[in-house]
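Take a look at the structures below.
Each of the next two complexes has chain A plus one other chain: chain B in the first, chain C in the second.
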Partner chain A sequence: MYPSLTIPVPDFLDSIPVEHRKDPHALLQILIQIQHAYHHVPKEAAKRLAEEMGVPLVRVQGLLSFYSFLSPEPQGDYVIHFSDNITDQMLGNRGLAAHLCQRLGVKLGETRKDGRVSVHFTSCTGMCDQGPAALVNYLPVTNLDQERIERIADLVNAQIPLQDWPPEFFTVKSQIRRSDVVFRKPIEPGEGIRASLERGGAFLAEWAEDLAPSDARKHHLERGGAETLKEIYRSELRGRGGAGFKTGIKWESVRDAKSSDHYVLCNADEGEPGTFKDRVLLTDYADMVFEGMTICGHAVGSKTGILYLRQEYWYMKEHLEKVLSRRREAGLLGKGILGTALDFDIELHFGAGAYICGMETAMIKSIEGRRGIPRRRWPLPVHQGYLRCPTVVNNVETFAAATVISAKGGAWFAHNGTGQSTGTKLFCVSGDCERPGIYEYPWGVSVHEVLRDCGALDAQGVQVGGPSGTMINTREFDRSACFEDLVGTGTLMIFGPQRDMFEAVKNFALFFQHESCGLCTPCRVGTTLLANYVRKFEKGCGSPVDLKEMQNISGLMKTMAHCGLGQTANHHITESIEKFPAIWKGRMKTTEFIPAFDLDGALEEARNLTGRTDPEAHLAPDHAPMEA
Partner chain B sequence: MAEKLKVATCSLAGCFGCHMSLLDVDERLLELLEIVEFDRSPINDIKHISQPVDLGLIEGGVCNAENIHVLHEFRKMCKILVAVGECGITGGIPSMRNSFTLKECLEEAFVRGAGTENAHIPDDPEIPLLLDKVRPLHHIVKIDYFLPGCPPSAEAFLYFLTELMAGRDPSLPQELIHFD
Partner chain C sequence: MSSSFFLDGKAIPFKEGQTVLQAAMSAGHYIPHLCWRPELEPHSSCRLCTVIISGKPFSSCTQPAMEGQNVECDTPELKAMRRAVTQLLFVEGNHYCPSCEESGGCKLQATAYYLGMQDNHFPHQFPVRVRDSSHPLVNLDRDRCIRCETCVRASRELDGKNVFAIHGRGIRSKLAVNSPTGLLKDSGISPEDMAVKLCPTGALTVKRVGFEFPIGQRIFDQESIATLELREYANQEAVHG
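Presenting the complex of A and B:
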C-alpha cells in the first residue's frame, strides 16, 4: 500500500491550514489534495469539510460528480488514466490499454479486487506530440509502447513506488521544431516588467511639490500602466485562446471598472484535444507568462494573479512554484516590484478534469471552488468576474505575447502577421507527420506550409483548432491560419492517407458527449444524440434520413446552446458530412431508415423467458419498413 | 370542395389519452369531418388501413411485437407519419420499465405479485412478445412530425390538421406547446 494512502483522514485534514478549511473558495483545491493523498475523497473527509466550511454536503458531492479526476469511490494504489485523444488512438493506445488490463487482471474502468490498480480512459492529456500517453497517479507517462506497458505491469505488480520507476517514463519533451521572431530570442526575466514600469517616465519635480511621496509613486505607476496599455493597443494583440478578442480593449475595460480589487487570471486549462502549447510555454518560458500577468497587473491596477492549470499539468506544480519563488527573490513579484509601488503576486490553482473549465466563466467558477458551469456572459468578466470583481482572463500565450510587446514595443510586434492577426503564433502539430511538436509562425501561414515543414505532405485531412474547430480536406490546404480565415487555438491534428476520418469523427463525438457540462438541453441532449447517430453509422445502420437529422440537431445546437462548447460541438459532424462525404456514404447500406438495433434481437429476452418458438415470436428481417 | 385528408390513427403502448384529447374538439368534430376522413382508427374500429392514406397519427411508444407490425403497416400506408404525445415521442411512462430487465418486470407482475395464483410468466402464443426495452416511434421507423403534449390539447390537434390541410409545414405556436 502506498504510505500516503494510510494517513488517518482527520490527521490529513488537520494538516491543511485552518483558514483554507473554512473557506468554501478553497474547496476544490482541498479536494484535489485529498484525491492525491487517498486516490479518492473518503466520505469522512467530505463530511468534515462540508461542516467546517459551513456548506451543505451536496456542494462537496457536486464537485465530486462534476470533476472527472475526483472520485467518491476508492481507486487503486496506482491509478492509470490512458489519454484517449484521436492522436493517441492512431498510435495504438486502445491496444496498449487492453494489454495492460490483461496483464494486470483488471477490467477497464474498474479497480482490481486487491485494490492495487485502476485503469481508465481520459480525454486528451496534452501529450499529443509524444503519445500514446497516460497519467499514472496523476503524473504523465509518454511514448507508451509494448515494452513500456510490460514494464509498467511489472512495476505495479511488484508494488514499486513511483519515485523508483525509470525516470525516462516521465520525460515530457518540449519539441519546439520552429522558432520565429518571438521565441528565437526570448525575453530575459524582468525585461518586460521593467520596460512597463519605466514607461512611467522620470519623476517630475512638480509631483514632489504637489503630492505626498506615496501618491507620487502611485501616480508614476498609473502613468506607466497607461502607457503599457497603449503599447498593447498599438500591437493589436488578440487573445490566443481561440476567440481572438482584442487584448487592449479587455485590459482597458478592467482598468476602467471601479472596484477595490481587480484580478488577472491566466487560463492554462488547455483542454482542447491536440493542444499543448501552454504546456511548452509553462515549461520553457514560464517567466514570460508570469511576467505578462505582472505587466497586466500593472496596466489594469491588480494585485493578484491566478494561474489556472488543468489537472493533467499537476506535474508542473513544483517547477512553476520554483519559478515563482525565484521571481519573488529577484523582486519581480510580491510587494514593491523592482523598487516601485507595484504590488503583484501570483497563485496557482488547479482544475480536476473538466474540458468546460477552459471556458472563462466556467473557469472563474472553478477557481471559486464550484462546479465549472458557464454562466451567461453578462455581466462580462471584465466587469464582474472572479469574486464579482473586474477580471482579465487571458490565455497563457497571450500573456507571453504581452511580455514581448512590453519589452520590444507594440509596433515591433505588429510588424509580423496579417492585417487583423498581428504577431506570431505557436502551432501544436500532431498526428501523422514526421516531426510533431511546436511550430512558431507569423500569423497567416498556410496549412500547406506547416504540413511541408512537419513532413506530412501526403495528409488527407487536418483538424484545425481541435475538435471544436474546423475539419479541412486537401482542397483547403492553401487556407491560412489567422483570424481572417482559419481561426482557433493553433492546433493541427494531421490525418494521413491511411486513416479513416470516421474514427476521428467518432472520437470527437464521444469526447463532446463526455465533456458537456449538462446545464443546457441543446448541448446535453444534442451531444448524446450526435454520438448515438455516429454509433448507428458505425454499425452500418445509417441512412440519408439520419444524416439529415444530424444536420438538424447540429443547427439547433449551434443556435440554441448556452455556451461555446455546445455551439461548436457539432462542427465535426457538419464539416465531415460536407468535406468527407465518403465516410458517411460508405457506411450506408440502405437508402431508407432502419433501426439502430436488431428488432428480432429485441425479442430474444422475451423468447427465453416464455420458451416460445412459434412464428409470432419472431420478427422476420423483411420487416424492414418501406418508405411511403 | 377539395378532397378530404385521409387519416389513420392508432394507439400502441399508450393510454388512449391522446385519442380522448382529439375527441375534446367536441362539436368541432363535425367541422373536422368536413375536411378529414378517418381510415383505420379506434374511433371507427376499422382494423386495418384499407388503402394508402395521407396522414397517420400514432400515440404511444413501441413495447411489443404487435406494436411493430402496426407501426410498419402505418409507415407503409401513410404518406406522413406523426408521433403524437409524450409516449410516442420519448417512450413516456411505459418506458419507465427500461431501467429494469424484462425478467424483473414480468416476475414482479406474474410470479412474485401479491395474491398471484398459478405463478408463471404468460407464454400463450396469442400474447405478443414484449421487446426488451420500450422504444419511441422514431427508433423504429422514420417519423415526419412530432406533436408534443401529454396529451396534446384538442387545439393542438386542430391547429396541426388545419395547417397541414392548408399545405403549410405545421409548426405549433408557443401557447400550444407551453405546458407549465
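Presenting the complex of A and C:
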C-alpha cells in the first residue's frame, strides 16, 4: 500500500492539536485532514472524533454524506476525479476518463479490487481554460490528453508516489490575456491598508485631538475606518460574487451592529462552473485580496478574517500560507498593523466539494463545521453571521477591488464602467475560442467584443455567468456584461458552430441535480424532474407537453425555492427552449405525449422471478417505447 | 402599541418579533405549512407558506412581520404553486395513502385536500427507501418521509435527545437515526417523544395503535387542517401567551 496511508489512526488523531479535536467547529477541517491522510474517513476516526468533540456520531456521518470529497468507504491509493464541466466535455474528458479506466482495469465510480486506484467524475474544478482537468489525490492535473493519460496509467500501475510524477502535470497557468486600468498596474502590498489608516490620521506625529495617547490611537483608527467606508460608498462597488449587492451598505450594517466580535469572510468557493478568476487572483494577487479583507476589518471593526477556499484549490494552501506569513512579518497582518492600533489576522478554511457552500449562509455553516445547508433568510449575516456575530461575506474579487478603492479613491474607481456597474471586472473565458483565460474589461463590455478579443467570432452561443446565468444566441451578442443587462460572475463559456447546445443543457441539468442541497422541496424535487425530462429528450422521446411541464417546474422553482441555487437552476431550461428551440424539437418523437414510464421494463423483475426469457414475456414493441 | 400589516388587503395586527405566519395564524388566517410548528424553530424547507411581499417571494414562517407591508397570500398563482409543491412531495416519495395507518390523520394528505389536489400530476419517482421496523414500539417508514425535519428539531429542542439527522444531499438525502447500528431499536427513541408525535406524516408512527378510528371518524374526516391548526394555535397561545 501507498506508504503515507499506513499511519495508525490513533497516532494520526493524536498528532492533531487537542484543542482542535475538542472543538466541533473544527470538525470539517479535521475530516478533510483525515480524508487526505487515508483517502477516506475510517469508522474508528469518525467515532473517536464524535466522542472527543461531544457531538452525535450521526452528525459526523452527516458531513461525510454531504461533502463530495469526503468518503466513508475506502478509496484507492490514487483517487482520481475528472472535472466534468461542459468545457471539459467539449475537450474530450469523457473519452479520456473511459480510456484511463480501461487501462487501469477499474470501473468509473469504483475502486480497483487491489485498492490501488479509484476514478470518479466531479463538478467543474475551475481549470476550464486549461482542461480537460482532473484532481489526483486532491491536486489538479491540467491539459489532459491521450499521452498524459497513458503516462498516468503507467505511473499508477508502477505505484510511483505523486511527488515523483512529472511536475509539469501539475502546472496551473494564470493566463491573464487582457489587463485594464486595475491589473495593468496592480496595487503594491501595503498601499491600500496604509491609505485606509492614513485617512484617520493614524500616522500623524501629533494627535489632532486633545486625547490621551491610547484614546487618540483608537480615535484615529475609528475615523480612518469611517472614511474608508465613505470611499467604498463613493466607488459604488457592487459584489463580484454574482448578486451585485452594494458593498458599502453591507459593510456599514456590520460596522453598526453591536457585538463584541465581528467577522470578515472571503468567499473563495468559486463553484459556478466556468469560473476561475478567484483562482487567478489568489495565485497572482493574493496580497490584494488579503489586504482588502484587512481594510474591511478596519472599516467594520473586525479582528478576524477567514478565507473559505474550495477543496479544488487545496494545492494553493502552501502558497497562501506563505503570503500570510510574509504579510505578518511586514506588519501588514497581526497585532498593531503598521504600528497602529489595528489588529487583524486571517485564517484559511477549506470546503470539501459542495457548490451550495458558495451561498453565503451555507458557507457560514460550513466554516462552523456543519453541513452546508443555507440558513433561513432572517436574521441576515450582517446581523448574525458566523458564530451568530455580525459578518461581512464578500467575494475574492470584491476584496481585491476594495484594496484598489482604498489606494486610489472611490471616485477614481467609479470613473470606469457603466452607471450602475462601476469599475472593471475580470471575465473568465473558456470553451471554443483561440485564447481562453482571464480578461479585464470595464463593466459594460459587449459579448461581441469579448468574442472578438478571445478569437471566437463563429460562436453560436455563450453561457454567461455559468449554468445559473444566461444562455444567449448570436442575436444577443451585442448585449453587455453589467448589472443593467447580463449580470453574473463574469463567466463566458463559448460554444462553437459545431456544438450541440443540448449537451450543455444536459450537463447543467445534471450538475444542479447533483448539487441541490436537498433542503427545500421545489429545488430538491424540481432539479430531479428537470434532469429526468432532459434524459427523456436525449432518448428522442420528448413531446411538446413535456416542454410545457419543464417550463412550469422552472417557474415553480423560481418562485418557491429557498435559495439562489433552486431559483436559478432552471434558467438553462427556459432559455434554451426560447433561444435554441431546435435542440428540443429535434428530440421529439411525436407531437403527442409519450410516457417516460417503461411498461416492458417494469416487467423485468417478474421475468427474472419466473425465469422467462421467451419473446412472449415481453410487451409488443409499440408498448415498449423507451427505457426509463 | 399595536402594529399591523396587510394580508391580501386585510389588516393583521402583530406583536414585535412575530413572523408573518404567526401573526396571520393569531388573527385566524391559515397559511398552509408543513415544516413549521409553533413550538419549534422555523425551518423554511417545505416552502408551502410562501407569500409575496413587494413582488418578492418569502417563506412566511421565517419572515418577520413589518409595519404596513402588503403581503399577498391567497392569489390564484400562489395557490396553484402550493398545490404543485405538495404534488412534488407526493411523487418524490411512496405514499400509499389507502393502506397507511396515518391516513385521515396525516397532515400531508390533509394539506393536499385543503389545496384541492386531485392527482399527483408529476411523474412518480418510486424511490427505493429503507424502512426501519426494528423498534418494538416506534416505526420509521422512510417512504412517507417528506424531510421536513420536524422530528430532527423536536428530538433536539423538545426531547433533548438528538435521535435524528438528515444524511446525504439533494434528492438522495434521507432521514438518519443516531445509534451505533443506525437502527431505531438502538437509539434513545420512545413512543412518547415529541419527535414521534409531531411527525406530520405516517413516517414516524407508534406501533399497535394503527387504524384506531374507522373512516368517517378520523381527525380530518371531522374538520379541515385549517380549522384544526388554527384551533390548536389559539389554544397554545392561550396557554403560553
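Heads up, the rule we're going with is that the second predicted complex is superposed on the first by the 586 of 628 C-alpha atoms of A that agree within 3 Å, B and C clash if a C-alpha of one lies under 4 Å from a C-alpha of the other, contacts with A are read in each partner's own complex, and residues count from 1 in each chain.
Quick note on the criterion: a contact is a pair of C-beta atoms (placed from the backbone, for glycine too) under 8 Å apart; a residue touches a chain by one contact, two chains touch by 3 or more.
Keep in mind that this is a model prediction, so the values were computed, not measured.
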A:Arg612 touches, of chain B and chain C: first, second, both or neither? first
First (chain B), second (chain C), both or neither touched by A:Ala596: both
Contacts of A:Val545 with chain B and chain C, given as first, second, both or neither: first
Touched partner set for A:Asp453, first chain B, second chain C, both or neither: neither
Which of chain B and chain C A:Gly526 touches, first, second, both or neither: second
Chain B versus chain C as contact partner of A:Leu556, first or second or both or neither: second
Touched partner set for A:Asp84, first chain B, second chain C, both or neither: neither
First (chain B), second (chain C), both or neither touched by A:Glu604: first
Chain B versus chain C as contact partner of A:Glu191, first or second or both or neither: neither
Greater residue coverage of chain A in the superposed arrangement, chain B or chain C: C
Those residues of chain A which chain B touches in one complex and chain C touches in the other: 596-597
Of chain C, residues touching chain A in the complex: 42-47, 50, 57-59, 62-64, 81, 84-85, 88-89, 91-92, 122-123, 125, 146-147, 162, 164-173, 176-178, 180
Chain A contact footprint on chain B (complex, rising order): 52, 65, 68-69, 71-72, 75-81, 101-103, 106, 121-123, 125, 128-133, 139-142
In the complex, chain A residues that touch chain C: 56-59, 61-62, 65-66, 354, 371, 376-378, 513-522, 524-529, 532, 549, 552-553, 556, 559-562, 596-597
Sites on chain A touched by chain B in the complex: 545, 592-593, 595-597, 599, 602-607, 609-612, 614, 616-617, 619, 623, 625-628
